[in-house]
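Below are two complexes that have chain A in common, paired first with chain B and then with chain C.
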Partner chain A sequence: MKILLMGHPNVGKSVFFNRLTGANVTESNYPGTTVDYTKGWMKIEGGDVEIVDVPGTFSLDPKDRAEEVAVAMLHENRDAKVISVIDASKIERGLYLAMEIIEEGYPMVIALNMRDVAEDKNIVIDADRLERILGIPVVSTVAIAGEGIKELVSRLKEAKPVNVDDIIANAANASDTTGAADAGGAA
Partner chain B sequence: MKLNTGERWDLIDRISKETVTFGAYRHTLKDAIGELTVKPMTGIPVAIAVMYGFWSVFGSFAGFFTDGFFVRLFDAYWLPWLQEVFPGQGEWLYAIMVDTGGIESGEFVLSSNCLESFGVLTSGLFVAIGVVLPAIIIFYLMLALLEDIGYMPRLAVLLDTVLHRVGLHGYAIVPTILSLGCNVPGVTATRILETKKQRFIMMTLLAIFIPCGAQIGIMQDVVPDLMGWILLYLIIGYFVFGYILNKIVPGKAPEFLIDVPPYRRPLLSNIGKKVGGRVRGFFVVAIPFVLLGCAIVGVLYQLGVIQFLGDTLAPVFVGWFGVPKETAGPLIAAFLRKDLAVAQLSAITMTPYQMITAVVLVSIYFPCVATFAMMLKEGWKELIGSLAVLAVVVFTYGGLIHLIGILLGVA
Partner chain C sequence: MKKKLSEMDYNEQGTVTGIEKDLRKRVAGMGIRVGKELRMVTKQPIKGPVDVVVDEAETSLGLDMAGKIVVEVTK
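Up next is the complex of A and B:
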């Protein structure tokens, strides 16, 4: 099995990679630290799993060489699972890339990383609800502190491809229920 | 099924409405510090302070270990001991490995220090371990701190306007600063620039004008009082030739958009890992090259190749650049390691201004072999282009520096 760590620049992919594989790829606090991919191995339930630290990209429509590497990596590994690492304080645009990858049919789990930074900014995310809408595992993490990594690994097996129509339907249902609750607040 | 951009954003809007609550924005201390270091009025003084602090810690740390410890160890114990026990004094193997020595009033005399001995086991080891290693360690330690705190993107924002003049943008500061450690990761980091034009300009400027940490370390040791001039010539060259390249290289230099990350408290474990990894890289990659470079130059000396080259190229060296013809030897070594080349220059007798010119020449002339290989990997067309620019720069800039010296009456 192969797992790709994908997400925007500077969301912590390399930190996950080092945590998961025990490797030492360079981690820094600026976008663009990783410009080439690195592969490593980890054991999950006795099996060897290959993990790839992919350079950060904003979308699947590359605008520099590092992003080209990222998109090529995804497209060369049609059978891979994706851990989509999202900066919880910038969740919407993180979801944009995640959606693009989901639409291409990749099984995915989402790591809502930097929960601490989001909390600092007073942003609260209902991860369970997000999980129900998307239909894939969503785990809150603080990768540099190691929080949530175990849960993320244990839920990798639940990663599965989802149909965008289902997500649209789930989102509509969810807003119906809130709509009922706060008397038609959401149209 | 695939969505188009609009549909995708609509869906995400709906999802985020259901799952995310944005509380009131609180202005935290971190935000306040973040703003102070980005706004030009306060940010520029902070940047100058940070750079000055970097420089003085670098200088005093490296100086403390090199002059306070390694110079004594190597010159007082290691060199005399090797001169004593290594067999075959005066023969070619002795000359290459330990000491080429010198002739004084017709007699063979041994060198008194590790910079003059030119031996693989003496000069080579001294340069690699005694001078460059402490410099590399402190450089990477401080670089890791700046990286992990999150200062680099702020520096990028501050320098954006200036770097636009040379066809780049603020983010070019990242490859530039990485190159001050070693040009190899600097070249790879050019991948974060958007267009071919920017990547070409960046790579060329790095290879020509940015001295690596090893070279800065040795300069700090052997020509500390000339450092200012040397760096000034390199910085001026970076901007002047960047400006020219920007005018003549076709292509676009777009604006840059960057997320400035929040400041974070650096994790000791991560700093340790990064510095450890980079220093290990130095041991594995650089030290063999220093020793090899030392050996090759030693052999070429023994065979008379360097004297021959020096004599042949004397008109260029003496007439055009205004440096002694013995500079030919270090320039050959410079292809393998620039730090070694600077060390060898320091053993040649010349005036301070000739030394400035020679060290600048070593810096701007051919990239070291590791950088060369990395540039080749990034694209052979760009490499050939960079080398063409380099040839022009070496001749015009080298001559210009000589001319400035003549006008100032020091050359």
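Up next is the complex of A and C:
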């Protein structure tokens, strides 16, 4: 199995990577470019899993070389699972990218990273509700402190492709009840 | 009062009312879309970028991009 860590630049993908893998990592250039990426291995329930730290990208239509590599890596690994790392204090932008990847049919878990930073800005995210809307695991994390990483790994097996229409329907239902627009906007 | 984002003054706040069609997808990934509240915080001299705050998160736009976004200024 292969797992891609994807997200915007500076959201903590590499911190996740370092937390998840050990010393056995390879750093290399993507063929034909000077963009480098890191890959490593970890054991989940006895099996070896390859983890790739994909360069950060803002969207799936690339605007520079690093973003091109990120998109190419995603498309080359059609059978991979994606850990979408989102900066919880900039959730809408993060969800935009996550939704683009979901639309392409990848199984995904979402890590709402930097929960502490978001809380400092008075942003509190109802991860359970977001999870109900998206239909995939959503875990609040503070990667540099190691919070939430175990939960994220244990929930990787729940990652599955979801239909965007289902998310839209769930979002409509969710806004009927309490009217918060925290997640509906990105769909 | 409607203004282009590139014409907004420091600390002016408003709601996005229009984005030129070819730009819509590009700025959607930055959290800017029609109906969104934003506040202009900085602009750089000599045709430099415009910095705005959307949902507590700062982002900057090229002046030409900012010129294609119309904002209803509220304060």
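Here are a few things to note about the model shown:
Definition applied: the second predicted complex is superposed on the first by the 165 of 187 C-alpha atoms of A that agree within 3 Å, B and C clash if a C-alpha of one lies under 4 Å from a C-alpha of the other, contacts with A are read in each partner's own complex, and residues count from 1 in each chain.
The criterion applied here is as follows: a residue touches a chain if its C-beta (ideal position, glycine included) is under 8 Å from a C-beta of that chain, and two chains touch if they have at least 3 such contacts.
From a predicted model like this one, the values you see are computed outputs, not experimental measurements.
After superposition onto chain A, the modelled positions of chain B and chain C are compatible, with room for both. Look at A:121: by the touch rule set out above, it reaches both chain B and chain C. Chain A has more of its residues touched by B than by the other of chain B and chain C. Shared-chain residue A:28: touches chain B; no touch with chain C. In the superposition on chain A, A:97 contacts chain C only, with no contact to chain B.
When the two complexes are overlaid on their common chain A, residue A:36 makes contact with chain B while staying clear of chain C. In the superposition on chain A, A:169 makes contact with neither chain B nor chain C. In the superposed model, A:72 makes contact with neither chain B nor chain C.
Shared-chain residue A:144: touches chain B; no touch with chain C.
Once the two complexes are overlaid on the shared chain, A:1 sits clear of chain B and of chain C alike.
Here's the short version: in the overlay, chain B gets within 5 Å of chain C at its closest Cα pair. Taken together, the two structures place residues 90-92, 96, 121, 123 of chain A in contact with chain B in one case and with chain C in the other. Put simply, chain A touches chain B in their complex at residues 8-10, 18, 24, 26-33, 35-36, 55, 63-66, 69, 90-92, 95-96, 99-100, 103-104, 117, 120-127, 129-130, 133-134, 144, 163-165, 167-168, 171-172, 174-175, 178, 186.
Chain C makes touch with chain A in their complex at residues 25, 28-31, 54-57, 59. Across the complex, chain A is touched by residues 1-3, 8-9, 11-26, 28, 30, 144, 147-150, 152-153, 171, 174, 188-189, 191-194, 199, 258-259, 261-264, 266-267, 270, 273-274, 276-277 of chain B.
Those residues of chain A lying in contact with chain C across their complex are 58-59, 61, 89-93, 96-97, 121, 123.
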